[in-house]
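The same chain A turns up in both complexes below, where it pairs with chain B and then with chain C.
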Partner chain A sequence: MTISDYRIEKRTDVGAIGLFMQALIAITLAFVASGLLLTILGFDPVAAFDALHKGAFGTWRNAQGSLIHAAPLAFTGVAAAVAFRARIWSIGQEGQFFAGAMMAYFFTTFLNLPALIMVPLVILAGALGGGLMGGLSGTLKTRFNVNVVVSTVMLNYIIVYLLSYLLTSRIWMAPGEYYLQTDRIPKNARLPDLWPETDLHLGVVLAVLTIIGLHFLINHTTFGFSLRAFGDNAVAAHFKGVAPKRMTLIVLTLSGALAGLGGVVQSFGVDFRLSQTFLYGHGSAGLIVAVIAGLRPLSIGLVAFLFGALAKGGLFMQVMADISSAMISTMQAIILMFFLVTSVLFQYRLRRISQDV
Partner chain B sequence: MTAEQNPPRLEVHGLTKTFGPVIANTDVSFNVARGEILCLLGENGAGKSTLSSCLYGFYRPDKGQILCDGMPVSFNSPRDAIARGIGMVHQHFVLVPSMTVVENIILGTHDHGWALNLEKKARKISDLCARYDISLDLNAKIWQLSVGEQQWVEIIKVLFLDAEVLILDEPTAVLTPHESKKLFAILQKMTADNLSIILISHKLEEVLQSDKIVVLRKGRIVGNVRTVDTTRSDLTSMMVGRPVMLRAERTDITPGAPVLQVSNLTVLNDKGQTAVNTMTFTVHEHEILGIAGVSGNGQTELFEALIGVRDSQTGHIQLSGKDLTHHSPMDAITNGIGYIPDDRFRAGLVGPFSVEDNTILGIQKRAEFADGPILNRRRIRNFARDAIDRFGIVTPGPQTRTDTLSGGNAQKVILAREFWSATKCILANQPTRGLDVGIIEYVHQILLEKRHKGFAIVLASEELEDILALSDRIAVVSKGQIMGVFHADEANIDQLGLLMAGQALENAA
Partner chain C sequence: MSELFTQAILIAMFAATVRIAAPLLLVSIGELVVQRAGIWFLGVEGSMLMAAFAAYFISVASDSLSIGLFAGIGMGITVHLSMAVATVTLKINQFITGLGINLLASGLTLLLYRESLKRFNGEVPTVIPFETVALPGISQIPILGEIFFDQHIFTYLAFAMVGVVWAFLYRTRYGLEIRALGENPKALDIKGLSVSGRQYAALAFGGTMAGLAGAVLVLALTDRFVPNMTNGRGWLAIVIIIAGNWKPLPILVAVLVFAFLEAFQLQAQGIGLDIPYQLLLALPYIGAIVAMIGLQLRSEQPAHLGVPYHRE
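The block that comes next holds the complex of A and B.
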């Protein structure tokens, strides 16, 4: 006699379709949970989500806004992914994001050149600022064996306080200014809009190119090969020619430069000023984006867009339904939570087996 | 009549286990009685480890039945199996290094409730040790123990759970010859106590100490014999499907110019102690230098220094007259040194990588595999396909994850890569550990072929047969020092054995 029986077993590979399904389920569950939360708080979830949807995608203009919000997250997302793929636990994206914006701004304080030179210059300066921060963590690790988590967190604080000092001590604050923020960035240094009548700026294009570039770098180049080998088995990689210290230094510098670019894109493409409130939170959101996207650059693009839409729609929701934008941060965290839960579940599958009795 | 009164302790009927497209076991049936040692023999990838994983409840078979004392059972987890008295000693250790022996042994029990009655348990453990003549410091931390001692801990751990059927997956692969002898003495005591043993081994002299042998090929049973009725050559041809010539033909070649010159090399181990002590030797073209010695006498550190992952304290390393001292692993690779490590999944392979990616690990930048900085997938895949064909690697394809390969097939991936990339010198540290005779024969052949082509080869092995069959000269190491160097035809096994045990020649005489 043969009886059927079901059993759970571990998958070796989830596959692209599996990942897509997982994302879909996680996001649906997250919306259901957030809806419940809104109801408990006394809001009408239908009205809230309607506002969220309209704000994010309601018009072409709103959709552009979502893209603009997504761009900096794409940078901090790939920054986190590059480090994590190498199993280097850098959580310095926040500080590097600040550092990129600050280095670029620093150049505008003493240079005033035509846009054709100034724009590439501030972009490079952003990469430089973030890269220096990452490189510093890398040097601390490779020279003095300072734990990367510790050094990156420490540097996050230092750089945020540095901006705060530069502002409160009025070094970077315009005379007569009331808010803690820098003077406006001169027009010739701003990232230009893609066409008239749009807010889409050069930074969005840079984000898309960066994502594609990183996808290619990680999966199709010899450097990406070494990086992945280093992440998956550092000992074997060392035997096969990957110098651990050099790789650590390169990865942290690259990761920092990417986060730094994000800082320029945000402050030179959107805010046109530097302030703690404008820059704050992009690093931690990028971390979440990277983890949800499974550290894959192309998926990071999609998840960053989702988070950008949430941010854009959230602003609209705030105005239309009077729901605090803190709700959006809560939703992002809820999505992450469901994503982590479903990713464990998706590693298993139900299989029918028959047994001869 | 008697069969009905005494059903076998463990019986397997028509067991089948697949992993997606890979069929690991097909219709396997056998039984083992109380007090019997059954040996599972088979080529690498034949399905031995998978079969034992089904028996101790780690995998559930797709089809088939397992009976304990004639009663059908079904295991959902290793806990169910141990409740039926079936325990497993793994191919790779699963001990917690920072915990003591007692703690590690008790870790496996689930019945301790709230209070850990340590004293009572420690007494049970020391009784077990006394019964099987195992000397262990129960309060030592695992990391302080030798590999052999860790193996005893694994065994006691299973006995502590009152196992009556012990499955041992290649237990002697990591043991010194002396420790292996001791293991078999312990196994004999266990069978005298009516315990049943299922043993997996590739070493025929060990296989022949069992009562019954089940031979697997490609997941099927191709032989089920009583050990007294069989011979070595029967077994190898059953297992490989053809007769195997283990004694490779070594033609006489006069060695050429010196290739690898090592002088006064001193290397420290991870704990900062001297592991290699002022070693000096030279290996020439067309020459195999055998390094005979019990593992842990500095061989690994020596190889790591030669390959460049471990820096040397004093001394020089030269390759074809070029100074390589304090070189990097990349220098070693680009200068034509190939390395076959003893611990393949630690030092030789990236487990989550595909087979094709592992076949080019370390040489990915060469023009054969990359156009400038960009990997050429098509050429990599063709190379991997070719390697899979030439070395007979059993795998669904070049894109399979390497950590799902059986031990021997994983080793072949390394062999394919290193034999392709090396141009001058091959460093082989226990290259045949865990391999079946068919592949050992192949490794021997290929080493001799490389020797013929002019390579300088350093071969470390605990198997004196390996060393004697292949080497032109033999250096015996003990405690990081070269105790003596012999020409292969002058070497005498007894003398080598004494030197390996660390006795200086004068004392031996």
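The block that comes next holds the complex of A and C.
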């Protein structure tokens, strides 16, 4: 006689489809929970989500807006992914995003060259600014054994105060200006639009190229292999010739440069000014994007688009239904929490075992 | 005349240091026990913020400071225990869960704050904060009395907790078990002692302390909730624990240093020192990095910190 029994066992790898299902379930649950939250706050969730949807995808122009909002998140997303893949817990994307934008802006304060030279220059400056910030955390780790979580979080606070100083001291702010923001970025330094009558700009293309580039770097190069090996087991990787200090420094610099590029894309492609409110929140959102995408660059593109749509739709929801923009950052965090909880379910599978008695 | 003036400023600055130290000390001591139990909880910032929010709104709604205080503690415990469910029971990554808690707390409190502002017609209600309690006799001691013994009851409690937690960790069997959790949880498991039960208890204690710290922030040090008012104190607690090498007394010293930096900043702005105020505000964070560079002691870092315990 054969008895069938089910046993729960652990999966070794969830796989791309499993991850997709998991993200889908988490997002659905997060929308249910957010709807409940809106109801408690006295809003009509159906109307709110309708506004969210219309704002994000209602017209071709709105959909473009979603893409534009996605671009900086794609950069901070891959920035987080590169670090986390190596199991280096950097939370510095937020500050590095600021640093990138600030370094690029710094170049525009004393250089005025034709767009053909100026645009590549500010892009490189952004990578430089973010890379320096990341490299600083890397150096603090490798030279002085300063915990990466601690140094990146502290630098996030410090850089915001630095921007605030550059503004209130009027170094970066016109004398008559009331709002805490820089002067407008000159036209020849802005990321150009892709074609006339669109807001889609060069930054969106850069985001797509970066995602594809990172996909190849992580999955199809020796460096990518070393990085993954280092993340899986730093000691074993060391024996295979991956120097841990060098790897830490490279990863944090690369991650910082990517986040810095995001800062340029946002301020030189969209806002044309720097201010704390314009730059705020892109680091933490990117971090959530990276986790939900399973730290895979191509998936990060997809999730970043979703989060970009959420941000774009959120603006419309704010206007139409008078719901605070904080609802969007709350929803992002709720999605993350549900994703973490559902990840537990997907770690296991039911398996039928037959026994002969 | 000017000497008297300087003395008054110095006394005010040291008294402010002690006052400001209270919430930082409470949250750090709580997090110390959590980390000693092997849990690397990065969500203290969020837990404290949620507690401050709950303490403020419940005391406004109930018109009672003590009900607000308990609401704050209850919220701290709730947030910390959700960390326990996620990481001890479900074994989800401690780093990401902690960050998630911070992001959720910061988004949710901002959302609820803004929505409630609409209902208050933009006018923020304030609470009448807890008053200081001058200890009879010793508060009359010149200078020292003014600095140390005319403080909030929570300040006395916070300083007392350093001794209590020291005695607990190093002089009781339960304390030894908590320390063992961070070093070698398997040893406890083999003896038939519950690893997860103790980690839940440690997080509940950490939640009580973080909740109290958040409540003290709104109900004693200020009189209202401001979005993101914890302003990195939860993160500083993590810095302080590393700087204090996971030991109660050095942690007290580290707390006082950071509290002094904040008190200095308040005084310097008050007397109009010609330093950019942003530099003063950034002092604790710069100080944190400098402290991390200078203090290389890691001897007491729990070996199993952040590593979930799996029974093989």
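Criterion: the second predicted complex is superposed on the first by the 355 of 357 C-alpha atoms of A that agree within 3 Å, B and C clash if a C-alpha of one lies under 4 Å from a C-alpha of the other, contacts with A are read in each partner's own complex, and residues count from 1 in each chain.
Throughout what follows, a contact is a pair of C-beta atoms (placed from the backbone, for glycine too) under 8 Å apart; a residue touches a chain by one contact, two chains touch by 3 or more.
All values derive from a computational prediction rather than experimental measurement.
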| What is the contact status of A:N233 with respect to chain B (first) and chain C (second): first, second, both, or neither? | first
| message | I'd like to know which partner A:M154 touches here: chain B for first, chain C for second, both or neither. | response | second
| Touched partner set for A:F20, first chain B, second chain C, both or neither | neither
| field | Winner by number of chain A residues touched, once chain B and chain C are compared | value | C
| request: Classify the contacts of A:T168 with the two partner chains as first (chain B alone), second (chain C alone), both, or neither. | output: second
| query | Which partner does A:H220 contact after superposing on A: first (chain B), second (chain C), both, neither? | reply | first
| When the two structures are overlaid on chain A, which partner does A:Y280 contact: first (chain B), second (chain C), both, or neither? | neither
| request: Check the residue A:V341 against both partner chains and state whether it touches chain B (first), chain C (second), both, or neither. | output: second
| query | Where on chain B is chain A touching in the complex? | reply | 13-14, 19-20, 60-65, 72, 74, 307, 309, 328-330, 333, 339, 341, 345-353, 357, 361-362, 364-365, 370, 373-375, 377, 401, 404
| Complex contacts: residues of chain C adjacent to chain A | 42, 86, 90-93, 95-97, 99-100, 103-104, 106-108, 110-112, 114-115, 232, 235, 238-239, 242, 276, 278-279, 281-282, 285-286, 288-289, 292-293, 296, 298
| query | For chain A, which residues count as touching chain C in their complex? | reply | 41, 89, 91, 140, 144-147, 149-151, 153-155, 157-158, 161-162, 164-165, 168-169, 284, 287-288, 291, 324, 326-327, 329-334, 336-337, 340-341, 343-344
| query | Along chain A, where are the residues that touch chain B in the complex? | reply | 7, 12-13, 220-223, 225-226, 228-229, 232-233, 235-241, 243, 353-357
